[in-house]
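In what follows, chain A forms one complex with chain B and a second complex with chain C.
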Partner chain A sequence: MSKVQLTIDGKSVEAESGQTILEVAQATSVDIPILCHHPALSEWGACRMCLVQVEGMRGLQTACTCPVTDGMKVSTETEEIANIRKFILELLFSERNHYCMYCQMSGDCELQDLAYRYGLDHWTYPRPFERMEIDASRKYFIMDHNRCILCTRCIRACSEVAANHTLNLRERGADSMIMADLNVPFGESTCIECGTCLQVCPTGALIDARSAYGGREKDVEHTQTTCMQCSVGCQLDVVTRYSRLLRVDGVWDAAPSNGLLCVDGRFKPLYDKRQRVTQPLVRKDNKLVETSWEEALKVVAGKLKDSKPQGLALAGTTNEALAAFVKLFEKAGGEAGRLEPLAPELDYGEPAQLKDILESDYIIVAGAAPLEYQRVVGYFIKRMADKGVPVALIGETVEGLQTQATLVLSYEEAGKAAEAAMSAKHPVIVYSVGLKAAAIEALKSLGDKARILALDPAHNSNGAQNAGLKPMAVNGADTLYFLLGEQSEDEALVAQLNGQFTIVQASYKSPLVERADVVLPTPLWYEREGHITNVEGQTLPLNAVLPMPASVRDDAEVLKVLKELI
Partner chain B sequence: MGKIKVATQWLESCAGCHMSFLDIDERIVELLKHIELTSSPITDLKHPPKEGVDVGILSGGIGNEDEEAEAKEMREHSKILIALGDCAVTGGICTMRNFFDTTEVLTRGYIETESTVDGEIPQHEDLTPLLDKVKAVDEVVSVDVYVPGCPPTADAIWYVLSELLEGRKPKMEGKALKYGMDGG
Partner chain C sequence: MIRARVLISGDPLSLSRGAEKTKLAIEAEISYYGLEDEIQVSYLTHADRTDILPIVMIYPEGVTYGPVTPEDGAYIVQEHLYKGRVIEHLFAPPEVLTGDIAHIPGRKGATYAQKRIVLRRAGVINPLDIEDYITHDGYFALAKALEEMQPEEVLETVKASKLQGRGGAGFPTGLKWSFVVQQPGEKYVVCNADESEPGTFKDRLILEGDPHALLEAMALAGYAIGAHEGWIYIRGEYALAKERLNKAIQQAKELNLLGDHILGSDFSFDIHVHAGAGAYICGEETALLESLEGKRGIPRIRPPYPTVAGFRGKPTVVNNVETLANIPPIIQNGADWFRSMGTERSPGTKVYTMLGDVNITGLVETPMGTTLREIINIYGGGMKDGKAFKCAQTGGASGSIIPPELLDVPMDFASMAESGAALGSGALLIAGEDTCIVDLAYVLLRFFKAESCGKCTPCRIGTAQMLEALERLRMGYGTQVDLDRLEEIAHYTKEASFCGLGQAAPVPIITGLRYFREEFEAHTRGECPTGVCPCSVKQKVKH
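Moving on to the complex of A and B:
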């Protein structure tokens, strides 16, 4: 990249050749208005808001697509430009329904902000009052075509970020409409409800069903925390108002997923209908009854001291809790382990980060179903497949990746993938618990140039690993202590219990909680403080978005108190 | 120089813009030192005087023939005409019915609503017919000053009136230019 010198609004600026005028302007705090541009998406140049004057060039140029050249002289805000931008805004307001007073986006709308900026105090052109469809066929968010300005951010987000290609444009010119697949209702389409389109929509066309009309930007609070719904550890921007969870957004500039979320992280946790445990419970006369923490802890401490205990954790809680769990059982003299299985360890390759997928030139998915369990990893792989990077599937495969795969192989045929990936410079192997020994051996030839991403089913698998918890089954101890957090236990687990005294530390009611002798309530994902260690081995912070109920206590604290009591 | 004469009228309006005008609170005392409010929907005299006023203020969209006539009357009698509020400026929330034809709207409102039993569409010579579509004031008469907002804030209204009193045409920008309720 060579350096170029240009002037923007009379100010001399140095830039890299290949940068656009918009990029350079933004880097030097010159505010060029945008609508169809979004930093996470490719440039489109459709809305014409970023038009600028370049000396010597005919007409005005779209700053978002026009590359800078040496000696360029750019004006971004002349009277002519302002008039043209205002004219474009008037045209946008003259199509469809842009009456702000009953729009949920009013106050936070990028179109409205620009109308204010260019002094649009009335509309010159007549409005068509053409009724357009509102598509509410999806559970979590709604498409109101009346508010759409056809910027196509949603289409680009769907194709480029989620790599799902559900959205597209139909018709031409003023008849253009956003459509899902071949114009089916969104709820019946191939949409995966990742919500990326919702997050990039500049107007009120895409509406979050839960947070609509729930508060404008000036009314809400934002807290960044880490998603606990799988092992990827995406960063969440949790939006709240008056202690109410409104919405979850992705964080564009935060690894591992850089803004991309999935339905499990963005929407589902806000609709959890499971019944919560909010008070310590102890079994009396064969019934679970509410009790005080003091009494519950006394009973638990007594049992840990006076009988042979075994501790079994679902790795869905914090590193702090898992470490305290191990320490408690060391002191109590019982065994402690984890309930979920672990992906086999490979003695070759380097641990991968998610971004390594985006830099890879060959991807092998072996015995894993990322589109189902670590969806963002699946979307990353699909992005690369879109760019022509070969994807080999070995062993169990899932629908979705199969259409992208260049090779679909059994474990016995794994050698073919290794052979095909041999000439690749940056091959990535994504695998999980299903990976068979034959394939492990066959892929060994890729050696240390392979980047390895082990997708354990447990949400904080690496946290459990670091704490020293190994997979373990119920071993016949007299007292069983289950640390569940808010994950649901395997239903088969309850059948394995045989009259042992059972202590469960959990957030939600479940068969195991019903069967327990003592239940200790734990906080939910948005109430947690602490850390998890994600699939990349990065330790990421959990920040309490809302306070937990007074009768709930953090697992790690409880485990520490118990250790003191025994 | 005598007091500046001001007349106001509401058309298809919820009265919110006039309420927001009253929200200028004690500043109204100062204002009345400089203006004479000749007529308004919230005083006894409803129509602008024959000799005319300096400033006419209209809130609300234009949805029937009567409102159309009121707008024309105000325009004829005002040197400067202000469209006050989103409905006067753009037709506003009243235009929600523009997506349907008038028969559909009346049938829904007077017959089909869930709480209505044996409803009928009222018809009487005193009832003015609906226009096909609700219009902004400037689709019927020319407007000199636009003050959007649902309602415009008391501060925006105060700003517009005090600018006019100073002999300037108000420039709608910054906090004075907001659509919907207080900019959202």
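Moving on to the complex of A and C:
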């Protein structure tokens, strides 16, 4: 990349060749208005808001697409340009219904902001618009075509970021409309409700069902934290108002997923209907009754001291809690382990980050179902498949990627994938617990050039691994201590219990909680402080978005207190 | 031994007027007289006037009859072919006997010969017969290039010929090719045969009448730029042309004029035909490429231009049918020969499709630089019913309105542009004094509103708003406010649109206002000077 020198509105600036005028302007605080441009998406160049004048070039140029060159002279706000922008806004306001006072986006709308900026205080063009349908067939968000400006950000987000290709345009010209698949209701379409389209929509056309009318940007608070719904650890921007969760957005400039979330991270936790445990409980007269923390901890400490305990964790809590769990059992003299199985370790390859998938030229998915369990990894793989990168699937458990796959193989045939990937420069192997020894051996020939991403089922598998927790089943201990956090235990687990004294540290009511002798409530994902270590091995922070109820205590703290008590 | 040949026009218009029945009648009559072995009957594409179809031509005499009913056909066999007597009263009117179409001594000179390069074989040969094409100099240029010329020489010849693209923009063809040659890797030749500009049907007649000429030209282009595959993107409605192209490709492959190692050389070239699905925007080259790749037909961001990243992201030459049809004669006869025709800046000929208020509508090929006045008076046979000329629109729907003052501008790309007009695709709409300019603009804008792809804001909504304003003026509800608004929208839509469609859609309004402002203003008072618009009807009712 060579440097170029140009002037923008008379100011001399230095830039990298290959940058667009818009990028350079933004870096130098020149505010060129945009509507269809979005930094996470490919350029579209169609709203025409960012037209600028470049000396010596015929006609006006779209700043979002025009690369800078040395000696270029750019004017971003001539009278003609301001008139054109006003004209474009007038057209957009005449096309469909933009009576802002009824719109949930009013105040936060990019179109409305620009209308203020260019002084649109009334409509001048006739508004022959027809009333259009509103599609509320999807659970989490609504499409109101009346507010849509056809910027196609949603289409590009769906195709390029989520790699799901649900959205497109139908008809043409003034009849153009956003549609799902071949024009079916959104709720009946191939949409996977990742919400990426919702997040990029500049207007009130895509409406979040939960946060609509719940507060404008100036009223709300934002907290960044890490998603705890799977082991990927996407960064979340959690929006709250009056101590209420409004909405979750992705964070564009934060690894591992750079803005992309899945339905499990963005929507589902806000609609969690499970009943929460909010008070410590102890079993008295064969009934669980509320008690104080002092009493509950005394009972637990007594049991840990006086009997042979075993600790079993679902690795869905913080590194701090998992470490304290291990320490507690070291002191109590019992075994501690994790309940989820562990993906086999490979003695070759380099550990991969998610971004390595985006730079790969061959992808092998072995014994893993990322589209189901670590969805964002699945979307990353689909993105690459769209670009023509070959994807080989190995093993029977693989689901959902078949349409993208160039090879579908059994474990015995794994050698074929290794062979096909041999000439690749940056092959990536994504695997999980299902991976069989024969395949491990067969893929070894890819050697150290392969990047390896192990997708453990445990949400904080690497945290558990670092703490020293190994997969373990119920042994013959008298006292069982389950650390569940927010997760639900395996149903088969309850059936294995057999008269042992059972302690459960959990957030939600569940069969195991019902069966327990002592229950210690833990905070929810948005109340937690601490860290997790994601699939890439990166340690990511959890920040409390809202305070936890006074009767709930952080599991790490509780475990530390227990250690002192025994 | 064939002693005579009967050609019956087989273009869609002729077929719709019963050409097939006429052909059957002629064939039946020939077999009645037992002349099957002596007389060959076939279709040809009639490449000329549309008012005398279907026509029947008989060679070697070169007599043209038209229009010919099935009964006439049987009578022609009896009288002309069996008894040897020419039937005077069935002759096509003399105007049709122009240029290379028919060589009847005594009739020549009574008409004005056109200069035909592109259309020289259309209507003369049987388009379904490759041998016929070859006997008319066909594939000579390709053979010459493969045997005697290096690819660079072919490119240099095209450059030196100064041939400009006939698809509308007049971009120098040789220059375009040289951009592609500079690029590394695989390359493609794409022929733009989408021809959806209203009033333009020149490409169709080349495709229907001389399909091999296009194939030969594409192979030459492929040879020059180093491509091995070509695609013809043909307008979906051109079923006959598509059929003939496919047939021609098959024939050319059989004779190794396409395919691997053409004529034993190292050069291999294959051609595919892809039909569009009825979108004007797919004639715009980047939308065409999107459509060819199976995507929604919408224009791409440029740069990169197709010459750098075109079909499947590879460097691609996109050329119009007429542009390509000029290539074989240029290679065969040399750049100097080509430059001896037309004007200094725009050599060669141009094919026009003339419509509207002239006596003879149809196809004309004349040297570049012929004036509109000449075309109307000589080839169009003057204005219809003695009407006065009001204006013309050149270049199809998106062309400019030409007032009487510009009738004597030489029609070539540069001169037209200098006088504030555009040559465009070659459609010539000639409007007489009884045409209302507001009504004309309204009809054109209806087309653009329907054909806008909807990608960009100004064109998608601007065309709808301009149509709305024109509708108000036409109906007599319009005021000065509507007219001002119309002018404003037209100006900004032209300035701000993404592609040529939106940039050109306001041109009829802008140029119409430039020359006929009073007429627009009259409509703001509810008056339509020509009495065409609905507002004039209302006015009459009012009085």
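Here, the second predicted complex is superposed on the first by the 561 of 566 C-alpha atoms of A that agree within 3 Å, B and C clash if a C-alpha of one lies under 4 Å from a C-alpha of the other, contacts with A are read in each partner's own complex, and residues count from 1 in each chain.
Keep this in mind: a residue touches a chain if its C-beta (ideal position, glycine included) is under 8 Å from a C-beta of that chain, and two chains touch if they have at least 3 such contacts.
The structure displayed is predicted, hence computed values, not measured ones.
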Record, for the superposition on chain A, whether partners chain B and chain C clash or fit.
fit
With the two structures laid over each other on chain A, which partner does A:123 touch: chain B (first), chain C (second), both, or neither?
first
Who touches more of chain A, chain B or chain C?
C
Scan A:289 for contacts with chain B and chain C and give back first, second, both or neither.
neither
Given the touch rule stated above, what does A:422 touch, chain B (first), chain C (second), both, or neither?
neither
For the overlaid structures, how many degrees, to the nearest 10, lie between chain B and chain C at the C-alpha centre of chain A?
70
Figure out whether A:95 sits in contact with chain B (first) or chain C (second), or with both, or with neither.
second
State whether A:171 touches chain B only (first), chain C only (second), both chains, or neither.
second
Would you check which partner chain A:45 touches, where first means chain B only, second means chain C only, and both and neither mean what they say?
second
Shortest CA-CA distance in Å separating chain B from chain C in the superposed model
11
Going through chain A, the residues touched by chain B and also by chain C turn out to be 126
Mind pulling up the chain B residues that touch chain A in the complex?
83, 86, 89-93, 95-96, 98-100, 133, 136, 138-139, 143, 146-148, 150, 171-173, 177-181, 183-184
Where on chain A is chain C touching in the complex?
43-48, 51, 59-60, 62, 65, 67, 80, 83-84, 87-88, 91-92, 94-95, 124-126, 128, 149-150, 168-169, 171-176
Footprint of chain B on chain A - complex, ascending:
99-103, 106-108, 112, 115-116, 119, 121-123, 126-127, 129-131, 216, 218
In the complex with chain A, residue positions of chain C that touch it:
279, 281, 296, 301, 303, 449-465, 468, 485, 488-489, 492, 495-498
